[in-house]
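Common to both upcoming complexes is subunit A, partnered first by subunit B, then by subunit C.
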Partner chain A sequence: MDATLRKRLIGIFSDGFLVLYFLFALFPIVWMVLVSLKSTDELFTTQFIFTPTLDNYQAILFGDARASAGVIARQEFPRNFMNSFIVSSGAVIVSLLVGVPAAYALARYNFKGKENLAFTFLSFRFAPELVVIIPLSLIYRQLGLYDSYFGIIWVYQLVTLPLLIWVLRSYFEDISPDIEQAAMIDGYPWHRIFIQILLPLVRPGLAAAALLAFVFAWNNFIFPLVLGASNVQTVTVSALGYISSAQAFFNRMAAAAVISSLPQMLLALSIQRYLIRGLSFGAVKG
Partner chain B sequence: MAELRLEHIYKTYKGGVEAVKDLNLTIQDGEFLALLGPSGCGKTSTLRMIVGLESITRGDLFIGGRRMNELEPSDRNTALAFESYALYPPLTVFENIAFCLRARKIEPSQVKQRVTEVARILDIEDILGKRPVELGGGQKQRISLARALVRDPDVFLMDEPLSHLDAAQRAHMRVELKRLHAQTRRTTVLVTHDQLEAVAMAERVAVMNLGVLQQVGTFDEIYNHPVNEFVAGFIGEPPMNFLPCEPVSEGGELGLRATDGSFTLRLPSQRAQQLAKQNLKQVKLGVRPVDMLATSQAGDDRIAGRVYTYESLGEEGQLAARVGGHEVLIVTPPEDHFEPEQPVWLGVRPDRLHLFHGETGAAI
Partner chain C sequence: MATRDISAPDLAAIPESEIVRPPLMVRLRPYLIALPALLVLIGILYPFVMGVAYSLTPYAFTRPNTDFVGLRNYMRMVEDSDFWYSTFVTLAYAFSATGVQLALGLTVAMLLNRESRVAKILQVTLIFPMMIAPVIATLIWKMMMQPSVGILNPMLNSIGLPSLEWAAVPETALFSVVLIDVWMFTPFAALIMLAGLRSFPQGPFEAARVDGASFWFTFRNLTLPMLTPFILIVIIFRFMDSLKMFDIIFAMTEGGPGNTLMTYQLTAYRTSIQFQRLAQGLPYAIVLYIVIYFVSQWLVKWWGQAQRRAAGYS
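The block that comes next holds the complex of A and B.
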């Protein structure tokens, strides 16, 4: 009886802790949503009871009739949102096309400088972006990549590719080469073995890595800020536009942030199943 | 079904490792042969060359009289049951077995018929709808065998098929595999390091060591007439005792004296004559533990020793005795008991002793 009581107490405490952590983790999101529903007058008051308004959402999505000087008058948020979507998903697609074969090769074949190559991919991720941004910007201007979708998608590979390669590599390493050889003896060409046998096995890793890569790309700020202008401006960069010398529209910024974070939340929820399994590296069993 | 013939096969890996050297072996149509050897002896390399997963460095491989060297694995009509089973985890058991038939674009109705038939032979009809992850080792093993059999291969190859099973399942599968072979009479090659497996299933055994084929024959031939010291020591459990000796002449008859002087032994006249012809300085005397007896009485032609350890195993006892500087193992009847440090006298069955060349290890 003593043991069951203790077990129950431990259960209550751990549940309580989880609830606390849940509140702690969700607080910024709740705060952001609250701010996005406030009018400009209520913004800086400590009053917790206020009349919610959708004005901010209307303003960023459909334009602001009362636009004041210095604040972006023509509402560009929908366009920026599309830009973010295009460059992020473009970057993930390119990373998938390049990263999956690269991860496979790093997992399966022995070649000279293999580990160095793998490390180089990884180093893209931990080298600070600020280190490369100035030379990159000069190169981009010379090559004509400045302020183009292609340019941003390309530079985003620094963010998305290493993640995909390293997660998928460990997945491929976990698959016994025997399976591929068995399929070879069974008379399948390599591409069909890959699609029918290997791809289903790495799918959890693929989904998790692709999602994280998408989130990282979506959140990236410095690359589109320096290497892009009005053509490819993403939501992260455009958020700056709500602050001007005259006035700071934190409520609109919050509204923009709420909408901008929706795709990530929806994506994460829809593939949550994969996300948990996918990041516990090497969950493949035959 | 077909005859499998390997002629002067060599396999040299990158970096110059010679895995297989000048291998000549013919496996008759319908025969069950075991490739037996310690790990790293080249048996798996040989198997992979037959299947086509490994290129043949030199030599010729024939299946049913056709040269196979350059053919893709899928064109050789061989089947391999992998040590790791290598089942396809995303597919159901049925689809695992049907996989190779699908590649050949065989009609669905016929696929179903053939899969069901093989499943019946291997007694896995009730798990066809499951996925490999849900199954135990014995079932996976059967699926891997079913997958190999369903395509009706000319040559059926198995790579350590029982090594991941527990003892009871292993004993059961040994019987099953043998029955399977009796039913289908397929040319079969089994790769194993376990002599019990080889003996239990195969009609002939090929012993390999360090990439070189040592001896091919029925188990009786190999057990009773090993061609060299390696085969003699590798086959048989517990392993053969080896004692370095030198031939000595005693009253006109040729006998053996231990190199360290611990004993002398008379040889049967036939063996003495064989030895005399070779005119050697050094030989090795080989005696299996089952061909020796241990008593506490001294006697003619017995070797004096001292008990080192004794284990009673129920049906038999195992006695380790020290003779000079060497340890000798003897299988003793269950009623005998020995104490450590007790002096013992060891008898050798004169018709069961083996003599090996002192340097080359070849049998005399």
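The block that comes next holds the complex of A and C.
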């Protein structure tokens, strides 16, 4: 009797701690959604109970209705959103094109300098970004790549390429080489084996890794901050503008934050099974 | 993770006289397959090398001078009294953020690794904080800490605690940004360690239970040693990332108030980009790079050993 009572108490205490932690983890997200639904008047006078309005969403997507009354219209959001989309998907596409074959080579061939090569790619992930982008800010100006889509997509390879190479390498290594050897004995050339046999086998992992790379590219801030200006301004850089101006638009900022982060949270839910391997660059199979 | 080479036949099975080197094209194949990635690699390494070269000149955007001046920028950095403070803040941020994430992440992982309906429901939402852009999440926290629209001070007051000035004053600035880092990345620590806990074989734990071992005994002698590789993965990612954390600090105070949060990355950004003295800020980024390079090499090696040792338990 005593033991079961103790066990139940421990269970209640444990669940209680978990609930507390998740309140801490989820509250800012809930608050973000709440503030995005507040009118500017109620922003300062209310906490949890207010009359919800979609004005902020309308303002950031279609321009401020009060623009004529002297309030600065901020409707760059759709453009910033498009910019984020273009550079993030561009970066993932480039990384897929160059990274998938590289991951295959690293997983299946023994060649000189292999591990050094793999670790050089990995070191991009851990290097302080400024060590590359301070000189790049000069080189880009000389080459005319400053504030261009190509320039940002190129430098985003620091984020997306190591992730794809390492995660995919671990997926390729999971596949038994026997399948390939059988196909090889049957006279299939290596590129047909790669495209017709291997790629379909790693497809779920590949899709998950690409989506995760997209999220990381989307969330990046320092690259477009240093190497971009008005042309390629992404949502992460423009978000600062809502509250650094003389008049702080907290509710507008919250609406922009909701639109730019909720899709990723839903995306992440859909790849949850593959998430741990992706986040740990293939180190933890999950 | 042994790689079986499919391009070469199994040499042990063939008499030595019959071994023929594969033709050149076959031997070059892996390099050719990886060639596009190698080109990208060169495109990234080139600016890095240029950066090291520029750090040995007095180059500034306003005065493009490329005379070789040796280590003068580095000497100046070390002689600057702010350098040692910057070292302190960089390390203080990284150690406190990683430390709290490890402790809290392990607790959450162990609590989630139980038969509990509450745990099952909550686990689904665990990933949310780390999917939001760090900058945007920081702005949300900044809003919650803000004196007029903020919600954190009213919440503190409602349980009888005094209001805080958060990142606006030096005393609590570091605490405020570390709090955001902890909020954002504890889920990562918890997820990795939860995956570790779930991968354990049940045998040793059942044996311990049958022998009537206490919770702490099992934890110290079974859970922790087996979890070491996973703990190291968390440390590798979180410690390296928090050494170079830029987004949270920049969005919160741009390094302020005063120079309270001027870590290496923030100093490098302010000097090279904001003040346009390109060469003068580079040593901060390069020294940080060297530190991160060696520490991560060491941690990865340690991880390899820990993995082999942990395999001995199962």
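Just so we're on the same page, the second predicted complex is superposed on the first by the 226 of 286 C-alpha atoms of A that agree within 3 Å, B and C clash if a C-alpha of one lies under 4 Å from a C-alpha of the other, contacts with A are read in each partner's own complex, and residues count from 1 in each chain.
Keep this in mind: contacts are C-beta pairs under 8 Å (C-beta built on N, C-alpha and C of every residue); 3 or more make two chains touch, one makes a residue touch a chain.
Here the structure is a predicted model, which means the values were calculated and not measured.
Colleague: Applying the document's definition of touch, where does A:Ile197 land relative to subunit B and subunit C: first, second, both, or neither?
Modeller: first
Colleague: Touching A:Ser270, do we find subunit B (first), subunit C (second), both, or neither?
Modeller: neither
Colleague: Comparing subunit B against subunit C, which has contacts with more of the residues in subunit A?
Modeller: Of the two chains, more subunit A residues are contacted by C.
Colleague: Who does A:Phe126 touch here: subunit B (first), subunit C (second), both, or neither?
Modeller: second
Colleague: With both complexes overlaid on chain A, does A:Ala257 touch subunit B (first), subunit C (second), both or neither?
Modeller: second
Colleague: State whether A:Gly187 touches subunit B only (first), subunit C only (second), both chains, or neither.
Modeller: It touches subunit B, and subunit C stays clear.
Colleague: Name the residues of subunit A shared by its contacts with subunit B and its contacts with subunit C.
Modeller: On subunit A, the overlap between the subunit B and subunit C contacts is residues 181, 184, 284-286.
Colleague: Per the contact definition, I'd like the list of subunit A residues that touch subunit B in the complex.
Modeller: My answer: residues 176, 178-179, 181-188, 196-197, 200-201, 284-286.
Colleague: Give every residue of subunit C touching subunit A within the complex, in rising order.
Modeller: Residues 1, 3-8, 27, 29-31, 33-34, 36-41, 43-48, 50-51, 54, 59, 61, 104, 107-108, 111-112, 114, 116, 118-119, 122, 124-129, 131-137, 139-144, 146, 148-149, 151, 154, 183, 186-188, 191-192, 195-196, 199, 230, 233, 237, 240-241, 243-244, 246-247, 250-251, 264-265, 268-269, 272-273, 278, 281-282, 284-286, 288-289, 292-293, 296, 303 of subunit C touch subunit A in their complex.
Colleague: Can you name the residues of subunit B that touch subunit A in the complex?
Modeller: 51-53, 72-74, 78-80, 82-91, 99-100, 103-104, 132-133, 147, 151
Colleague: Would you pull the subunit A residues touching subunit C in the complex into a rising list?
Modeller: Touch list, subunit A to subunit C: 11, 14-15, 17-19, 21-22, 24-26, 28-29, 31-32, 35, 43-44, 47, 94, 97-99, 101-102, 104-111, 114, 117, 120-121, 123-124, 126-139, 154-155, 157-158, 161, 165, 170, 173, 177, 180-181, 184, 190, 215, 218-222, 225-226, 235-237, 239-240, 242-243, 250, 253-254, 257, 260-261, 264-265, 267-269, 272, 275-276, 279-280, 283-286.
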